[in-house]
Amino acid sequence: MDNTPLPDNNKKWKLKLHEIIYEADTPNGKLFDILLLILILASILLVMLESVKEIDLQYHFWLNVGEWIVTILFTIEYIARIISVKKPWRYIFSFYGIIDLLSTLPKYLSLILVGTHALVAIRALRLLRIFRILKLARYLGASNQLTSAIKASRAKILVFIFTVVIIATIFGTIMYLVEGEENGFSSIPRSVYWAIVTLTTVGYGDIAPQTALGQLISTVIMILGYGIIAVPTGIISAEYSRSTTTDEHPKKGVANHNQDHVPLNTLSCQSCLADKHKDKAEYCYNCGHPLFIEKD
Amino acid sequence: MDNTPLPDNNKKWKLKLHEIIYEADTPNGKLFDILLLILILASILLVMLESVKEIDLQYHFWLNVGEWIVTILFTIEYIARIISVKKPWRYIFSFYGIIDLLSTLPKYLSLILVGTHALVAIRALRLLRIFRILKLARYLGASNQLTSAIKASRAKILVFIFTVVIIATIFGTIMYLVEGEENGFSSIPRSVYWAIVTLTTVGYGDIAPQTALGQLISTVIMILGYGIIAVPTGIISAEYSRSTTTDEHPKKGVANHNQDHVPLNTLSCQSCLADKHKDKAEYCYNCGHPLFIEKD
Amino acid sequence: MDNTPLPDNNKKWKLKLHEIIYEADTPNGKLFDILLLILILASILLVMLESVKEIDLQYHFWLNVGEWIVTILFTIEYIARIISVKKPWRYIFSFYGIIDLLSTLPKYLSLILVGTHALVAIRALRLLRIFRILKLARYLGASNQLTSAIKASRAKILVFIFTVVIIATIFGTIMYLVEGEENGFSSIPRSVYWAIVTLTTVGYGDIAPQTALGQLISTVIMILGYGIIAVPTGIISAEYSRSTTTDEHPKKGVANHNQDHVPLNTLSCQSCLADKHKDKAEYCYNCGHPLFIEKD
Amino acid sequence: MDNTPLPDNNKKWKLKLHEIIYEADTPNGKLFDILLLILILASILLVMLESVKEIDLQYHFWLNVGEWIVTILFTIEYIARIISVKKPWRYIFSFYGIIDLLSTLPKYLSLILVGTHALVAIRALRLLRIFRILKLARYLGASNQLTSAIKASRAKILVFIFTVVIIATIFGTIMYLVEGEENGFSSIPRSVYWAIVTLTTVGYGDIAPQTALGQLISTVIMILGYGIIAVPTGIISAEYSRSTTTDEHPKKGVANHNQDHVPLNTLSCQSCLADKHKDKAEYCYNCGHPLFIEKD
């Protein structure tokens, strides 16, 4: 694959960079991914530790140093990603592009805003960095059966949530009438909140029925909640079961030529960022741009 | 379909009105549905906000104005529905007819009852308006597989609830004896309430066992509850799984000519309110009355 | 069926009585069953109401009268059952025979023990009457698929409970070390109780981890509990699903000649109390005694 | 099988000992297993009772005596196991070997450490004995379908746990901002802990949202948690269902020659400890060492 003609406007090092960042099959690509993973987890740990007062008071300096190291490394990664793709705007406005930007921005903003005493705003901005955790989603392997099972039953799940909300609203209102303000059911929204807490079998106990009638109605909600939990389970279980069945016995089920069986590589196109190319593909199926994988 | 002979006693505008209200496939019908949906959600929001004391004190006037607007619009809708059907009584005494009436009545009653200091009664009547949420059920698409799965396993679900109640009664009584009044198990009904709270894994914690024996029995109830949650799930999962299987592979399963595959329109008969007519039907399958859809 | 030769030692009225009590298909049998159902529910309601102090203080006399009526009617039923079967001892020592005796005894015992100031003992005896609720189990239709699904997976359920107990013991002990007495984890049994409360997602909150490490370990237990709830569900779901599949498509599955398809009657043998006779059976399959159903 | 030539360096009594300890099919082996089971349960009960202050104060002497008896018996078992296998180191460094050592060690260490006032360390060491409960795992029958179903869906379960942690981290951070310190959400780790408590429907109630917005977000988490509980259930249910299906109808499914159908004996090889030998095997499938079962 090394002798494919290179487009003129692409330097060798750009290609190399692209391969390291967007490709997970080569040793360099793997190393980059592992380092990034560690960096993300470290940065989330830092945000968390900073929020614990005792730790922040004692180690404020070191947490700040750690933050700056993480922020600078994320900035380098962000710039490298922009440089190595042909159409940077596509990356910048993609989902991960925005997440990557949000991961670096807050620390720089804290520098500018420090003088203006906008302490509360900074605090909120700092926490934006927690969204770095979404970067981990890259490693979840987005195309698994689970996601497709959930997608297939999306409409049914919405109907289910809608039903739960209707039931909670009606029962919440009834409990507001039955229990009243003196037992903690001080308004309908609060009663509906309680009804959802009960229906989903969470049961905090911060609000709990005190009257005999209220407790009777509660048991109805509980048994209802205990029963209808079966509904989402039934939906996903059936969808998932079907998807795996047709997956394993393709001749028995519907003609479902599942793409999972085609060997795919982990490369994304340097030009349009499309991924899931076939293992032997030499050109992007989306924009026709050549795909390069340097063999080490 | 425009040249079907019109019955003499039906004016053109009545037909038009019927089409707007009961038909969701034409642009006018769709617009009406969306406006109604927004109106219902707004009215429920108003009822909820009114129950929050702080909000009611501050915005009482505007909430009242909003209430009157919603009530008048619902009244117009109610009258329009009565006019546009041939046999109004059928609509009035139908499930949705009663819901529609209950949605408008309370505000008018509050006018009459204000002079009589019947404040508590009004408050309860006002909350009747929350039942408007049931109007949303129209949009749930009543004929889905879920409902049929639940219907098919109705008898088993009843047996299950019955079993849960029996287990809760026995364990509740035992706990009443073991823990006694001093630990919050002050009567058998209250202990049974606790047993249901525990069995359904809600676990408020407002009543909790204090003695060692009581805690031991509790763990038995918990593991029991944790285990038997599998039962409704198993029932619905199996029923649902079967219904979707026969749906997809009709030749493999029982000869189950599921009507879902017949293209249906969203029109309901002007005369008898029956719906789920075939897409090409020109006469009501229930009463033989002609069905009109004006193409725009 | 009327001309089957009657055994000499059986009087006509005994047969009639047997039919009313043990047979649910004849009008008299049905009426008896419904009356008994109401009586059982009434008696349980009485026991429950008696335990509520305020109600007992106000209506003590009427509750006592109700109790005596119920007790006398149950006594008559008990005697009638003994008379109408050929081998009374079989009934007396059967599961329902003992339940029936326990339902009547306590009230009589309370008469004898009143003089002896044995108040606590009486109180406990009174509550024995709650076991009448088990009589309702007769109406559950013991031979349904659910029970057979549970029976089929009995061994797996035991392994599952065993696993839950082992996990709870280990995590309970760890939490006892981590949290210690000052945070409510005062002994290992109490910590194991807490671990089961958490693992089964009941979550009372009477004991809750306070230290950071304790909360971290708790989240592990919670996610574990949240995950392994799938296990009993999966077991019963699969067993139930299979049992209904083979039930509906007997040719596809294993040669499973399910007896549910054989029309059974509700008669039980007058001599040995065996039930589930075939609809056309004239002799008991268990003891060979003739079965009589008088057609009205 | 008795006339298989015995290797010279194995004495008759060693073989006998091996058979008793590692073989569960002979009467002696069964007796040994039952006695060991009782001993393990007794030792765990002792550890638990010791942790209850009131019991420890009153019965300290007897608990100590019981502990010594159990410890000495476990020591004998440990030594017997080492003697009866050909390659003792294999056993010593096996999973159960380490568990067996940890079960005996703490009591002896408490003797040595008593003089050094290392009270806290001893206390922790004592609790190591709770790991004896893992010895019970031997009786669980490790090779059942359940374990294989869980193993088959391991990757999916990990993705699921990962998703739960990501959701909890994001929602926990949001709630930390919304509710703040004054409502108990004093740091991000604590808020994430709360989010997991809510998502898994445990719901202690030690921390509960107080603001309207916080309660609104909570209901989203609850419904999310209530819904995604379906995911692990769906996974295991489908895997389990498939494994039992292919198990029962081997010709229909994939060519899955499940070894469960081969009659296995409970013997483990005296030389390499490998088990699951075929019922008629005379030599170890792993090391070729002859297997001896003395028929009584």
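Each chain carries a letter (A, B, C and D) given by its place in the written order, and its residues are counted from 1.
Everything below uses one rule, namely that a residue touches a chain if its C-beta (ideal position, glycine included) is under 8 Å from a C-beta of that chain, and two chains touch if they have at least 3 such contacts.
Each chain and its UniProt protein: A, B, C, D = Voltage-gated potassium channel.
None of the values given here were measured: they were computed from a predicted structure.
Visitor: Roughly how far apart in rotation are chain A and chain D when fitted on CA atoms, stated in degrees to the nearest 5?
Guide: It is a rotation of 90 degrees, to the nearest 5.
Visitor: For copies chain A and chain B, work out whether under half or over half of the interface numbers are shared, and give different or same accordingly.
Guide: Both copies, chain A as well as chain B, present different residues to each other, with under half of the numbers appearing on both sides.
Visitor: Find the chain most remote from chain C, comparing centres computed as mean CA coordinates.
Guide: So the farthest one, by centre of C-alpha atoms, is A.
Visitor: Find the geometric centre of each of chain A and chain B from their Cα atoms only, then give the gap between the two centres in Å, rounded to an integer.
Guide: 33
Visitor: Could you work out how far the Cα centre of chain A sits from that of chain C, in whole Å?
Guide: So the centre of chain A lies 47 Å away from the centre of chain C.
Visitor: Scan chain C for residues touching two or more other chains and write them down.
Guide: 160, 189, 201-205, 225, 229, 233-235, 237, 241
Visitor: Taking the complex as given, what residues does chain D use to touch chain B?
Guide: Within the complex, chain D touches chain B at residues 201-205, 233, 237.
Visitor: Residues of chain C touching chain D in their complex?
Guide: Going through chain C, the ones touching chain D are 156, 159-160, 162-163, 166, 169-170, 173, 176-177, 186-189, 192, 198, 201-205, 208, 212, 215-216, 218-219, 222-223, 225-227, 229-231, 233-235, 237-238, 241-242, 253-254.
Visitor: Looking at the complex, which residues from chain C come into contact with chain B?
Guide: Touching chain B from chain C are residues 44, 47-48, 51-53, 124, 127, 130-131, 133-134, 136-137, 140-141, 144-146, 149-150, 157, 160-161, 164, 189-190, 193, 196-197, 199-206, 225, 229, 232-237, 239-241, 244-245, 248-249.
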